[in-house]
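Two complexes, one shared chain (subunit A), two partners (subunit B, subunit C).
Right, the complex of A and B next:
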């Protein structure tokens, strides 16, 4: 029997409470700043001190003597919403809360502090946490909808016409995706009378082959997964969001999208574990995303746009691992998600610094930045190596495992795709690095007031984390692999 | 399946298809937003129809059905055959209520964006607003 841990819901409830609080304190900057910093410390501590287990919102723990009131296929059910917290959730929660903390600190440091803005960041944190923790498919849906609104609000806050349009498109497609997920849930509810993911998984496994209603539910939920993860054909919508948000917020948005990708894929695998075609479909969309994302990235001459497409193509790579469907492949995919969000976050924070320092991220207008910001240039170079899978950095470890998993699964050509993506990513970002920091030419206008001490500290911490995971990959990988094995998918 | 339930599912289907058509084919930003809302309404109707039972009664009137109950508290339900055979399935109603609230908040944000975009471009045509975008 797992622990009934009361701390688990705090990972969702605390950010929500703090969001309401800072929202009420709008325009009281000192209070918002103080509460934000204290909250961020608490948000990081809570996942560390929380015991693994489940939390039941009302209801009771699983029992063998529950009466079969609804003639369901399985005799044991949870009544009420369940949150489940394991090793994978702990790793993802830690990364998420730390990157959220860095984003908020950057916002505070730039004196962009606003109660409503921080509230939206906290709501997006709460939503992503709930998506990762929920063992209830409707609760999962509710928080995906919250996340869409909160992410759109963060982009709207930029107050530019482009950002309004990006947010509008995101919300319109979000409506279709939300309806698709809910319809899928409705079909499952109608067929099995259940919302709990564990129970649903058991019921579907006991029922044998999926009927047409079950197949429709798979299709609808997969459509929702593609949108929430920013995979093909929704890659442009997602990259548009990254591009039009403030870069430090893009760093956060890409973490949320990749973790939602992982969480929802796990749900799909658990619920429809016996349905092999699902993995092939996932793999197909993932390959399209990798190819299109990397090709688009190579064409860009705007740093934020370039990074947006790199983020999307890397999400495709995560999905390739998941789509392989083997324990090794899924674990490698999740490991790559963790590694990639750290490297991408560095690059987005570098973009944030470049934007503040040079007042543009257009690569054509940038040159000779290395003597102005040598540390940032050096870290960007290291981050480029990290995200391209160059040893001894973290992505090397995950991409190597992805290639091994592809070969083991009988798809060695996917290993070649991983290598090609690494090369394309390296070329795209090193071009940007050269144009910003190395290209000779007349001096560009520099904002001398921007020192970027906070951003520099953040990118140094993150690159050390990338190096640390690269040198000691098993600290992160082994718990992920054991978690995937325990899923039995 | 009861004819009323069939009718509900058909209506839901019509709502979803109409909404999708408005969302994808219409140029007016407000009509797109209304289309998005219609899709949500259609899905809500599917959920409500799932819980429908001809002549059924509402489980919430049963006072013993409370959150702190233990498995043994529910044992009487087994003897209460009328409950098992006649109660409507109440869970979808709760889900629909939640979805209505979410839909309202999403709708309000989309309408606010439509107002802002209208002030920028002085048109409701999405094609004109997004002209020149990649």
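Right, the complex of A and C next:
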């Protein structure tokens, strides 16, 4: 039943080792480039060949029910980190490693290669992987901290005043969120003496109704979840990060944020499985983020800022699915996370191309781009349709399921809101598309040295993936749904 | 009031370009109005019909007197560390009130 697969920790350990290695090789660009490419291939292969199962780092005692725990004030502390790897983790790991690969390849192609920069990308990959795999709440916390630092470093590397400010604010609120998560974990550890998520879930279920310490832990962990996911009130901080990073890195950051959103929501659902109010609160914050994100996106005249708010708004839509709390809703939310990161990645890679080719992403200064880059324009149009939930693309399948799930959960109004938000997203991005590629006017300055072959190849691959998932959604959706059913939340 | 909405938008959007800029701002205004109405229905219909009716009337009146709301939303959504800290503190307080108060 439980396989002690030795390959599972490699998904975390390998990126960390490679990060240290490329860091040592700083300024030896050829070596960094070679190691990065080889590492990326290995990172994609490892999740494919790894067997589903559980990896025990040390002798973990039990995962059964804990009827006696509820009667004990300070029970024995069971140490030992556990990583669990299932179908959901496999899908998320594959998407994460592939987008990481695309981001690094773009960085290499732009000759921005730097040992430290690639090291930070690898650390962020390792952290996100660990967050998705960890069945230990303290290990989860440690890697959320790593992730925050690595993401801030990637933004700082842009070396502009705005990026320094964005990273600084992200770190400031990261300390608040980190303290909040840690205090929540401490309260749970003090009450139940457990850090293992499965054990904790069993112990809390056996203990009956949550006491005020447990409820305080819920509140603190929920605040942490809002920060890590970039939901209200942290949506501005998160969108600032996306806006001020290099667009190809923003493509990666939004994947990490959405997958951490999913991973942490699942942890909260598992630990506090019987607590219905948590899901309602999540839903409330999610709806608010979706609306505010869309409203803000519609008003932007800077492509990267616009995409940043769309990314935040879409994260809210993922959280709406999770907040519905039904198996169907949670599965639809996770499915939307997978679909959305692919479509958003295309748009960020397009922004990367536009930035390099036209030396600006200010929509007022762009026009007539279709003559210069017809393929990029065409793919951006398709990506706009994809992210707006237009068939036959992938987001249609997930948004349709979200609307169905909302209706089934007795909230048909939410379905109307999802449709309105899809329209708003479409309007926001199609405005950018028109202004960059179709608006008539005098010619704009073009960097003729930039061919963007790599970016074009990446966006074509990603849009084919979006179309593929849209046409055959069950390949991705069914394993996710089965995983959610197995959680029993 | 409502017939002047376009003029208000036109005036406020001068710095943000014309035509499509105003169009997208109007879209966001309609989105906000839809959100407020749907949000009210979503939140109050579980209570009872009377509360829903009163709530809906209050929201409609609020919408009528606050349009355009998007500029107010934009003003509140700047990256000022003070404002963000305020909303974070408010959120933490709200979470504790909801969870510990069991609302």
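The rule we apply is simple: the second predicted complex is superposed on the first by the 469 of 489 C-alpha atoms of A that agree within 3 Å, B and C clash if a C-alpha of one lies under 4 Å from a C-alpha of the other, contacts with A are read in each partner's own complex, and residues count from 1 in each chain.
Going forward, a residue touches a chain if its C-beta (ideal position, glycine included) is under 8 Å from a C-beta of that chain, and two chains touch if they have at least 3 such contacts.
All of these numbers come straight from a predicted model, not from anything done at the bench.
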Ask   = Now for A:434: first (subunit B), second (subunit C), both, or neither, which partner does it touch?
value = second
Ask   = After superposition on the shared chain, which partner residues are touched by A:189: those of subunit B (first), subunit C (second), both, or neither?
value = first
Message = After the superposition on A, what does A:291 contact: first (subunit B), second (subunit C), both or neither?
response = second
Request  = Go through the superposed model and pick first if A:172 touches only subunit B, second if only subunit C, both, or neither.
outcome  = both
Key: Contacts of A:138 with subunit B and subunit C, given as first, second, both or neither   = first
Request  = Classify the contacts of A:156 with the two partner chains as first (subunit B alone), second (subunit C alone), both, or neither.
outcome  = first
Intersection of the subunit A residues that touch subunit B with those that touch subunit C = 165, 172, 176, 236
Request  = Please name which positions on subunit A make contact with subunit C in the complex.
outcome  = 165-166, 169, 172-173, 176, 180, 212, 215-216, 218-220, 222-223, 226, 232-237, 240, 277-278, 281, 287, 291-292, 294-296, 298-299, 301, 363-364, 411, 413-414, 416-417, 420-421, 423-424, 427-428, 431, 434-435
Subunit B-facing residues of subunit A, complex = 58-60, 63, 65-67, 69-71, 80, 138, 142, 145-146, 148-149, 152-153, 156, 161, 164-165, 167-168, 171-172, 174-176, 178-179, 182-183, 185-186, 189-190, 193, 195, 236
Ask   = Which residues, counting only subunit B, touch subunit A once they are in their complex?
value = 16, 20, 23, 32-33, 36-37, 39-40, 42-43, 46-47, 50, 67-68, 70-71, 74-75, 77-78, 83-84, 89, 91-92, 95, 98-99, 102, 105-106, 109-110, 113-114, 116-117, 120, 129-130, 133-134
Key: Residue numbers on subunit C that touch subunit A, as the complex places them   = 16-17, 20-21, 23-25, 27-28, 31-32, 34-35, 38-39, 41-42, 70, 73-74, 77-79, 81, 84, 87-88, 90-92, 95-96, 98-100, 102
